[in-house]
Amino acid sequence: MAADPLTALPPDLREAVDRYLDERLEEKVRELVRRQFEDDPAANSCRIIASKGTLDWAYPPFILASTAAALGMDTAVFFTFYGLNLLKKDPKLVVDPIGNPAMPMPMPNIITVLPGMRDAATWMMGGMFKKHGVASVLELREMCVESGVRLIACQMTFDVMGFKQEEMMDGLEYAGAAAFMTEAARSHTTLFI
Amino acid sequence: MAADPLTALPPDLREAVDRYLDERLEEKVRELVRRQFEDDPAANSCRIIASKGTLDWAYPPFILASTAAALGMDTAVFFTFYGLNLLKKDPKLVVDPIGNPAMPMPMPNIITVLPGMRDAATWMMGGMFKKHGVASVLELREMCVESGVRLIACQMTFDVMGFKQEEMMDGLEYAGAAAFMTEAARSHTTLFI
Amino acid sequence: MAADPLTALPPDLREAVDRYLDERLEEKVRELVRRQFEDDPAANSCRIIASKGTLDWAYPPFILASTAAALGMDTAVFFTFYGLNLLKKDPKLVVDPIGNPAMPMPMPNIITVLPGMRDAATWMMGGMFKKHGVASVLELREMCVESGVRLIACQMTFDVMGFKQEEMMDGLEYAGAAAFMTEAARSHTTLFI
């Protein structure tokens, strides 16, 4: 054995190593993989697409993203289409009762089309959240920023829909769908809101 | 070698064992890990958020959740915002034709705002599903319960939107977004409906 | 050792080999598993559900699916409910300004219900995308087909909503929710649009 260490393991030792591998490897790998699954970086990564721009649909992305960040997850939200409204400095979000018969106080549409009903519904929804001590959309957005959630504006729809950079909040990233989807591919939690 | 068995392998033997491990290990581990990926617990877990409360948007969460459970997946649905309507004992779900030009029979909005059109659209949609032998929303919900899907009401929006526990179906869990997102992080299939 | 090569290694050598294997194996396997996680097939698979059938909600599934395919991901879109409209040969997609106060130019609903406003909004949205050099929905759909995205029609809602096979584009698959959810379970990126 010592005579030719560089060529090969002697057959008897080789057999012993083989037996060892057969016996022990499966158990060891299973344990290591189990641990690695627990540390799977995809389980620690959350990617959300926010595509809607009304008051009611502003809550879910900011609530879910700030929650994920509070849990220690690497979190980013990609704002596209109407969702870009949520990134304005002063977004003036409204909720429309029309065509939404699942609202807490549904009304016939012949009423909901009347001028003033949109303002009334917006005022009512804001009040409901406030009354129950829930942060406002702007406060939730600030909580996202403070807890390290990356807010990403979709460059393409930003241009198409005629947004101006000066009307947007500070600290945004601008990126395309390809960059975002590359990150989503490494995330278990992927939500289109 | 035999002189000091407890301290270390002699260098030449060590080198031979190393070379042998390099050869055999990669192939064996690759196969073991491949098998383990097939048992990836995240591939067996489905988490759905149901946020809408109309008849048309009631079908997708119950159909997808009961399907996932039938496939043997660990499945839970988190009902939040308007989606809480779907958990009422007697939900009276409607569909609104207004602002929905993709409905099977789209109508001009000047017609869809008229009183009675919401009832007509609701009646029509329910009939279409029944005619094709699809279970009703309440039947689909019951299938979810029977197949072990956990139905979770979002505690925060439950309070904000003024739901009462006595008007809700039995067997619900109540939880917050943090508990739900923790489970979603361990699931490949995560859908916001 | 050489005296009985087939039965076992001498105890002292065996112990040394064991200890050495324990030390080296963990590090080697950890590295191999880490590399295999980077090749996690779920990170290379994208499954999208397209459930809406208006012009504005036609862009996201086709843009995200063609982007995923361009990144080399195995990609499929399951069209269900109103989303089946997007698979018609000649889909005539429209966007409705009503109940959508987040549109680039929101209007009071008392105006948006007027005949002609739906056509105006549709014309405006198509123009905005065209002006910025974005492909049309039909071009994006063609890009999906050319880049290997599988387009799957939900058989159940196809039947329920009364679609006819002859009005649909060529090259579609028809499948149920169970087949689709089985594939989604093997995908990190799962989106309900």
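Observations, loosely collected:
As written, the chain order gives the labels A, B and C, with residue 1 at the start of each chain.
Methods note: a contact is a pair of C-beta atoms (placed from the backbone, for glycine too) under 8 Å apart; a residue touches a chain by one contact, two chains touch by 3 or more.
Not measured: the values here are computed from a predicted model.
The angle of the rotation carrying chain A onto chain C, fitted on C-alpha atoms and rounded to the nearest 5, is 120°. Under half of the residue numbers at the interface between copies chain A and chain B are found on both sides, making the touching surfaces mostly different. Per-chain CA centroids place chain A at a distance of 16 Å from chain B. Looking at chain C, residues 13, 17, 21, 25, 29, 33, 40, 42, 98-100, 113, 188, 190-192 sit in touch with two or more other chains.
Remark: chain C residues 10, 12-13, 15-17, 20-21, 24-25, 28-29, 32-33, 36, 40-42, 49, 51-54, 80-82, 85, 93-96, 98-100, 112-115, 117-118, 156, 159-162, 177-178, 181-182, 184-188, 190-192 touch chain B in the complex. Those residues of chain B that touch chain C in the shared complex are 1-2, 5-6, 8-9, 14, 17-18, 21, 25-26, 29-30, 33-34, 37, 40, 42-44, 46, 56, 59-60, 63-64, 67-68, 70-71, 73, 98-104, 108-110, 113, 128-129, 131-132, 134, 188-193.
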